[in-house]
Every structure is written in structure tokens, then in C-alpha cells.
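Next, two complexes with chain A in common: one pairs it with chain B, the other with chain C.
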Partner chain A sequence: METQGIIGMSRLFKYVNMPNIKKTMRKAPWIPVVILLIFLVCGLFGGQLAPRDPFKSNLEAPLLPPFWQQGGSWKYPMGTDYMGKDVLSLVIAGARVSLYVGFGVVLICAFIGVLVGLVSGYLGGWVDTVLMRITDVFLSMPALLFAMFIAAILGPGINKIILVLTVLGWAGYARIIRGEVLRVKQGDFVSLAVIAGASKAKIMWRHIFPNIANTMIIVATFHLGVVIVAESSLSFLGVGVPPPTPAWGSMCAVGRDYIHTAWWLSFFPGMAIFFVVLSANLLGDWLRFRFDPKFRQL
Partner chain B sequence: MWRYIIMRLIQAVVCLIGISMIVFFLARLSGDPALLLASPDATAKDIQGLRVQWGLDKPLHVQYWNFLSHAVQGDLGKSIRWGKPTLELWLSRFPNTLLLGGAAFLFSIIVGISIGVITAIRANTWIDTFGKTFAFMGVSLPVFWIALLLMLFFSVKLGWLPTAGMGTWKHLVMPAFALGWYFTASQVRISRSAMLDVLDSEYIKLARIKGVPRYLIYTRHALRNALIPIVTLGGLNLAWLLNGTVIIETIFNWKGIGWLAVEAIYTRDYTVVQTCALLGSALFIFTNLFVDILYAYIDPRLRHEQSS
Partner chain C sequence: MTSTKVLEVKDLKTYFFTSRGVVKAVDGVSFELAEGETLGLVGESGCGKTITCQSVLRLVPAPAGRIVGGEIILEGENLLSKKEKEMAHIRGYKVSMILQDPMASLNPVLTIGAQVAEPIRIHQRLATRSVWEKVKEMLRLVRIPSPEVRMKEYPHQMSGGMRQRVVGAIMLSCQPRLLIADEPTTSLDVTIQAQYLKLLKELQAQQKFALIVVTHDLGIVAKICDRVAVMYAGKIVENGDVRDIFYHPAHPYTQALLGSLPKIFEREEQLMTIEGQPPELHALPQGCSFAPRCSVAQDLCRREYPPLSVLKEGHLVHCWLCASGKG
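Now for the complex of A and B:
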């Protein structure tokens, strides 16, 4: 029994291929991953983590500078806003909006885009033509202008922002996934599956989708950064997340009015956006380098 | 070649019709325009009169058809707020956006290609890392934040440049830089990879063996062949640039089409919004079309493929 167990273990190691995993992980972009994890934790538990209540104003301490400037203190490391709210707590609490919108939009867009891309690329013919013309229309809308337009019609609200950014975001996935499907479906395993009598839906899901999943993840990682910037831009312009909810974009917009007196109001939330988006981009770049066969050969 | 151009032209027109539909129905979704047109103390009868006068009492598809047939003749309706034709308003603002976008475009092309080429020549050195970092920062920084930081530094701290408005070249520096940086980043990436591809090719090796001076290899042999993807991206960027001015124009009070659109959205001037969205998309689609045709023209491989 025991020897069998050991053989089983060694077999397991053979398949897991330990040295390779170590090699992979050594070159992983750890700093971006850690920043994204911090972002995730702040987004999920922001309310509990924030050192002070982000909604509680303290009118005795308005517009305090960050701790290293004269007048600032460690009590408010990033200073306070015009209502005396702690900027650090606001930045932590603001992660929730970006996280929710970012992941919400990316997941829905990936789902719709992959579905359209798979169907369009695999079935071809008039289905492909119709779907790709529709995709073209959505790709050639000036994104921000339309986002503002739709957001202004729908009115403010976090779920409406997700809707707006999904409408404008799915086409990019569809286009790229379709290209990949066209490449993958040339493979012999697809012809064999057809001969074996697999249904079209099964071929798409079981045989083609696993081969394009890498591409989808890479596109999604880059898209996360784009969505977070787009959401903050809409909030900055005042058509995004409505005021009582702390969001990085609207915090920057408030800071714009105080640019002459209180630079920290817009600096720190912007910094948060910058770090999260930069991390998503660096991670996406690494994933592409790692999983894209075109790059692996280099 | 001609067949290709005509096919692309038809595609562009179909695309534009699709967008006009979306724009039209979105604008109608935003509420009853007659209520916006009427003065606050208007009676129900007055409002009904306005509906008839503006053709808003007809069914939606008839309204769309009227809108489309007028649009083809260059009549995009009158602004509810200013009472002027929207096309006139748009055209009066467009040169300002063109100036801003053009300056940003020049900046991104010149800086982007230079950094891209230098990082490709010095691949895998600290210069390369620096260029890569620069490119990543460009695509990761929200445009409005760059604008705020620039304002903070050059206007508030140093007092060199005016915070907002337009008029002199000094007013143009910050908006153009803030707008251009994002596109510089993509230009750096594409120039770098295109140059790396070309530098790896046989004819560059031959030129090296022949003893051609380095600067000639880089400029005359390599860059010329790397130009195709660079030009393509440049064209696409120009289309994005002209449409990406919304935020920058709002922050810097730049009276261009972006700001016109923002103002119209805030004041619910739906005919102006319609015009902005439609002409913005048309600008985008036709710039893309132009780039595609240019691409087919400058790439000899593609040109022969199409004609044979």
C-alpha cells in the first residue's frame, strides 16, 4: 500500500513538473500582483479596514495637509477634505466602486464577447457577416462621448455605469476572439470532432473554447485597467457614481476645485487609480508574454 | 484595389447608418424634447403645438426617416438652446479641437517614434526599461489626473502656464501634452516592436556586413520598413485623439467639440448631442477608412495581392 502511495506521489510530481512551476513563478510580476491583492482586499473589506469612518466629517479639522507638511499629523496621514473627512479612509473605501465596476464589466463583457466571437468565428457565413457588422458599429463609436451620452440618459447609479461600459466594451473581445477561433478551428482535432459527430455547440465549448481561454484572460486583464479609468473618468465628469458613495474619479473632481489650496485631495485618489491600472497592465503584459505562443518562441 | 476601396466604403456607410440609428433612439430615450423646448409656464396645448411644429407627434420610424433624409442633405437640426443649426455650431468649434488634437498628435508621433526607435536599438538595456516604463505609465495614468498634476506643477507651483482657457501658445502646452501622452505610449510600443522585427531581418544583417554606417542602417534601411505599422497606428490614434478631447477640453475650458458635447449633455440639448455623436463617429470611421486605404497603398505586398 505504502509503496503504491509513494509511486502515486512521484507520478503526481512528474505531472505537476515542479521545476517548471518554480521557473514560471520566479519571473511573475510580484509587485503588481501584491498591489492588485491589496486593491481586492480594500474593495471587499474597505469599510472595516479604513482607520476612520469615511462618511464622518469633522468640521474642526477641514483641509488638513498630509503628515509631512506643516499642520498635518499622523492622525490623518493623507490629510482631510473640506468637510474634515479622512482622505486615506476615503481612498480605501473608494476601492469598492472601482472593484465592483471593474470586475462586473470585465466579466459580462468577456461572456458576451466570447459568445459572439465563438459563434461568429466557428459558424462563419452570413451569421459571421451580420455579427461582425454589428461589432463594427460598436467598435466605431467614440467611447467616452457615447458613455457620457448614455450615462446622462440613464441617470447616475453604479449598476447603470456597468451597463454603459458593457455596451461599449464587449465588441473588442468579440473581434479578437473571432480571430483566434478562425485560427484554432483549422486544427485537426476540430475536424476529428466533427467526424466523431460532436454537435456544433459541443465543439465550440469543449474543443475550441479551452484553446482561446488564454487570449480571453489576457484581453480581460488589460480591459480591467481600461474599465477602471473609464469609470473614474465618468465619475470625474459627474455622470458616474453619485456623490455620497466615495469613488476615486469623483474625489479627483472635488480636488480640482481646491487645486490652488489643497493638492492632496486629487493627488491620492489619482495615485490609487494609477497603481491599480498600472498593475493590471503589467500583469496583462506578463500573461501575454507567458501564454501567447507567438511570444513563447522568442 | 478599387474593389477593395469600394467594399470598405460600403462597410463604412453601413456602419454609419447603424450608429445614426443608435444615436437617434438614444436621444429620444432621454425624455420628451417638447418639454425641454417649452417655457416653464407653457400650457399643455402649447406643448402639443411645439410637438407638431418640430414633428415630434409622428411615429418614431417616420421621425428617424425625416432625420436621416435631412442629415444626408447637411441639415442636422437646430439647437434647442441656441436656436442655431447644430452643424454650424459644430463646425465653429471644430477648428479648436483640430488645433489641440493636431498639437497632441505631432507630440505623440515625434516623441513616440523617437523613443520607440531608440529603445529598439538599445534593446534590453536600461534605456529600454526606461522607455517601457514611460509607455506603461502613459497608458495607466488617467488623462484627467495628468491634467490636474500638470496644472498643479506648472500653474500653481511654478506659475509658468495659465491654468485654463485658450488664446496663446502657452494655453496649448498642457492640454496637448496631457492628451498626447496616452498616444505617445502606444506609439512607443508599436515603433519598438516594428523596429525590432526589421532589425532582425536578413537585409539589415547584409547592410551591416557591407559596412553601411550605423545611422544609415537605422534611418534608411530599418525605419523605412518599420513605418507601415507605425503609420497605421498613427492614423488610428488621430481618429481617437479627435474624439478623446472630451475630458481635456472640460478641464482646460477649451472651446472645442468635446466641450460642446459635454455642455449639450448637461443642458439636455439633444439635437446638439446627436450631431456631436454622429459627426464624431463619422470622423472616426472615415479616418479609419483612409488609413486602411493608405495602408493598402503604401504596402507593396498588399497592393500586389489586391490587384492580382
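Now for the complex of A and C:
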């Protein structure tokens, strides 16, 4: 079973692979890719990378400005907060929450959404009707309001945030994937597979899924940006990640009280959110452009 | 042909239940097919040829379409009484079908080898190594040059003719007893067409499968078929040996169909046509459905459907003109 999974994964990458990889990569949006890579590295190895311990306060040096302002030093390039913690280290450490929540939610949503979309689109009939009505219900929820409501009931916590955002996010995948499945299943190669005696599950997994994998990846990339913003918003509102864990959203919220005297407290985490989300969207745009057969050149 | 019977279709009825009424797409079709025999199914568009083939595989588009009657007996087993699961094991294993469009028949994201391997993997328990050996053998059989290289390629790297041959390899990989080819050459080049048909015949000689060719190209029928069934408005109006049909067509529709072929040695000002349109299948006229377009129709034709007349051994026709002498 283990090898089966690995083969499945390598197969997935094969689909994404383009025949002319060199040419493809030349036009890749390098800046967003680099930003996302930095984000990834910070998220994975934040603790080791941070120049200082983000949890250690230094009460002798509270609210130091960034290095280029008077009173700032290279010791704290982005300044310190009211407890004397290094803002740069906090921003780096905060990437972990965004990464964890972002990828967690996107992966779970993609899994559920693709499953529902495939089954709904391929089987059709009453299965389709039932699944799509459920999807409609989830799509029509006022996202942030619902998230705050649930988060307030469950209490703060990183896994609860993932749960809430997953509940809100999967329906979008299901809807888009279903549409793609409806298009792909018209293909003669699907009829041919039926004639060859392939089972429904096999047709969905081997014949239809690879043809919609591109769409899934594009949707996921855009969704990543949305999730990071949502998580930050919840943390900002105080219903997200609880305080001791550094998170960009809650850092912005804390900095709000000092905005007139120490703008850097909110500015740097805010910029981190901005760049990561923008990069995700730019990458998504490029992927869409690259994978859309209308733009594809042979 | 005296060899064993592979397929026997008896009084097959496939109807579509639509909001405009019941469309009798296939209405009482019967024919037989022996091992290694080729049947040509000809007729105008929309006369039920494709639906007949889909019915044999039990793949009529649901939920509108349904097989409402008759029997389809493949090697002594009635396919209509099979469960869906049992049918899945028959498809691709005992009965296969080649579709029209080779460009669309292959999955763009899977390698040729993986697609040829699929039916083998579904229906036969073989080790991975033997599966690939089999794939290579099949590709060699359909004359794909250097199959070791080609099986790792994707469909877009191949020409239309090659793709159609790959489809052939997929469909024949389990040595089916019956192969249905639904306009196999319509979208191919004329030169490639001849090549492909020749290959199909050679494979048939080797593997001894029965072949049903659906086409409206009478040239193909003359070249590769042993028997011909002419369909009109969901019924087989004439069924016989290919020579009988071409030299002694009995049904006015068959005569008209043959008459509408352009002839190379006769310089005609105008091609023969069959006046009018085929009838709407949900509102068939009483009596013979060809009567409104038939130049020799009588009152009787418009009242009652003609019975089956046997002109000679194996030449059957539904026409009052042929029946009149006897009754």
C-alpha cells in the first residue's frame, strides 16, 4: 500500500510536468516563487533561523525602532516590541502558523473538494443533486462571520482554526472540480475506458483526475492566499491563534495600540502577510495562464 | 461460414423515453455473427446503428435509453440477464469497441503503454513484467514502429493513424470474441483508411474475432464485410451476403442507397438521391417506415409493416414487393 501511494504521488508530479521544462521555467514568476520559498523555509525552520529567541523579552530595550531610524540598531533590524522582543524574529517565527494553517487547510480542502467534485460530476443523477445542494449550503455561509462565531464557541486554537477554515473552504473546490469533471467526462477516452471494462472508481482516479489536476493546483494556490488572510484576520480579531504563539495577525493587533509611537510593530507582520498573499496570487495567475489549454502552445 | 456462432441478437428493442415521446431507436433488430465473420451495419445517420452497438455492450445512454426487449446472446450467454458487475468483465474482455475519433479516444495524460495495459490489468492477472511484454507485443501487432520507445510516449506525440492503431491495440489486448468498430475510419485520411482496414482484417484472420463494422461508406463494406445489414429507422430492412446485397439488392431502400453512389464509368449529370428525410423516430408512419420515400410503395405498404421474406439462404428482407408472390 505504501509503494502504491508513492507511485501515485510521482504520477501526480508527472502530470504537472511540462515537456519543455526549460522554456516553461524561463517565464516563471521568479520573485513570487522566491518569496514563497522564503516563507516556506521560515515556516519550517523558523526557530533555528530567527536571529534571536522570539520568546525572550529584553525589558531594557523596549520599543526600539528599526535600524535606520534614530535609536535603532542592527541588533534589532526591525526594532523591538513593548517587551523588548525582536520583531524580525517574531515575524520569522510567525510564518510557522501561517504556513501550518495555510497548507493544512488547503490540503484538506483540496482532498475533500476533489473527492466530492469527482463523485458528483462523474456519477451525476441524485448523487450529484444531493452533493451539490450541500456544497451550495457551505458556499452561501458568510465566511468571516461564521469563522468568528465558531471560533468563539470552540475557543482559540490553531487546529480549531484549521477546522473552521476547512469547513468554509472545501465547497469552492467541489464546485469548480465538478464543472471540470463534467467537461472531461464527455471525452471519448472515458467511453473507451468504460468499454474496456474499467470500474467507476478506476475511471475517476486514473482517467479523470489527472485531467483536472491542473485546475486543482490553480485553485489551491489562490486558496492559500485566502486562507492566510483569513487566519490573520481571525488572529487579529483575537479568536485565532492564542497569544504566546507568534502569528502575523495577532502581532498586527497588538501593534495597533502603539501605531502612533511604534508603527513597526504592525507594519512588518502586515507586510509579511501582504507579500506572501500577493505572491500566492501571482503564482496562481501564472499557473492558470500556463495550464489553460487556450494559452498553451505546443 | 459454418463455424461457431459468436453473437446472436434476437428482436432487440432499445427505446429512448423522452419528453416528446418514446423514440424507438432500435426496434426489433435481429442478426447473427459467426466466428471470424464480418458484418457491415449500414444506413443513414440516426437510423440506430450506433445504438445497436451500444446495446450489445449494454452501454445505452441512461436514464433516457433502455433496452426494453429481445436477447443478445454472446457465446451462449444472454448479456441482457447479466448483472452490471458481470458486464464489466465482459466489456474489453469478450466484446470490445473502437470509437470514431482517434484524437479523442486516448487519454492525453497517460502514456500509450499505460493505456494499452489497462484492459490487460483489469481482466487478466498477470505480473507487471508480463503485462509490459504483452503491451509490446500488442503494439508490434498493430505495426507501431519501435514499441519500446513508443509505449512511453503520450498520445499527442502520434499521428491520427497511429493513434487509431493504438486504440486497436487497446481493444484487442485481451483477445475479444467480438469487436465492434463504430465508423473506425471516418476521421482518417483515405490512404490511412485502407491501411487500417487491411490491418483490421489481418488481425481478424489471426485472432478469429467476429467483427461488426458500422459505416455509411459502402466502399468499406464491399471491401471488408462478409455480410451486410441495412438499417432504416431502427429496423434491419435487408440482411444478406455482401454479394447478394450489392448485385441483387431486394429492398427499394438498399437499391436507392447503392444508386446514390457516384459511379466512375458513367457520366451522370446528377447524382441519384433519396427524396425526403428519414422519419422522426418518435412518430413513425404506419406500415413500412420507408414507404413515404419509396418510389414503388403501394397502399399495403402504408398500412402494414412487411413480414420477413427469405429470398434465399441467408438473404432476408422486409418488403411487400418480395413478399407479394407468396402471400
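We take it that the second predicted complex is superposed on the first by the 277 of 298 C-alpha atoms of A that agree within 3 Å, B and C clash if a C-alpha of one lies under 4 Å from a C-alpha of the other, contacts with A are read in each partner's own complex, and residues count from 1 in each chain.
In the analysis below, a residue touches a chain if its C-beta (ideal position, glycine included) is under 8 Å from a C-beta of that chain, and two chains touch if they have at least 3 such contacts.
No experiment lies behind these values; they were computed from the predicted model shown.
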Q) Regarding the shared-chain residue A:N281, is it in contact with chain B (first), chain C (second), both, or neither? A) first
Q: Please indicate which partner A:A272 is in contact with in the superposed arrangement: first for chain B, second for chain C, both, or neither.
A: neither
Q: Applying the touch criterion given at the start, work out whether A:R206 contacts chain B, chain C, both or neither, answering first, second, both or neither.
A: second
Q) Is A:W263 contacted by the first partner chain B, the second partner chain C, both or neither? A) first
Q) If you stack the two complexes on chain A, which partner ends up touching A:S140: first (chain B), second (chain C), both, or neither? A) first
Q | Dominant contact partner of chain A by residue count, chain C or chain B | A | B
Q) Where does A:D188 make contact in the superposed view: on chain B (first), on chain C (second), on both, or on neither? A) second
Q: State whether A:L88 touches chain B only (first), chain C only (second), both chains, or neither.
A: neither
Q: Mind working out whether A:I153 is in touch with chain B, chain C, both or neither, as first, second, both or neither?
A: first
Q: State whether A:M251 touches chain B only (first), chain C only (second), both chains, or neither.
A: neither
Q) If you look only at chain A, which of its residues touch chain B in the complex? A) 133-134, 136-137, 140-146, 148-150, 152-153, 225, 229, 232-233, 236-237, 239, 249, 252, 255-256, 259-260, 263, 266-267, 270, 273-274, 277-278, 281-282, 285
Q) Where on chain A does chain C make contact in their complex? A) 15, 125, 187-189, 191-199, 202, 206-207, 210-211, 298
**Q.** Parts of chain C lying in touch with chain A, wherever the complex brings them together
**A.** 57, 59, 63, 88-93, 96-97, 99-101, 104-110, 118-119, 122-123, 156, 167, 170-171
Q | Residues of chain B that touch chain A when the two form their complex | A | 11, 14-15, 18-19, 22, 26, 29-30, 136-137, 139-145, 148-149, 151-152, 156, 163, 243-244, 246-247, 250-251, 258, 261-262, 265-266, 268, 273, 276-277, 280-281, 284-285, 288
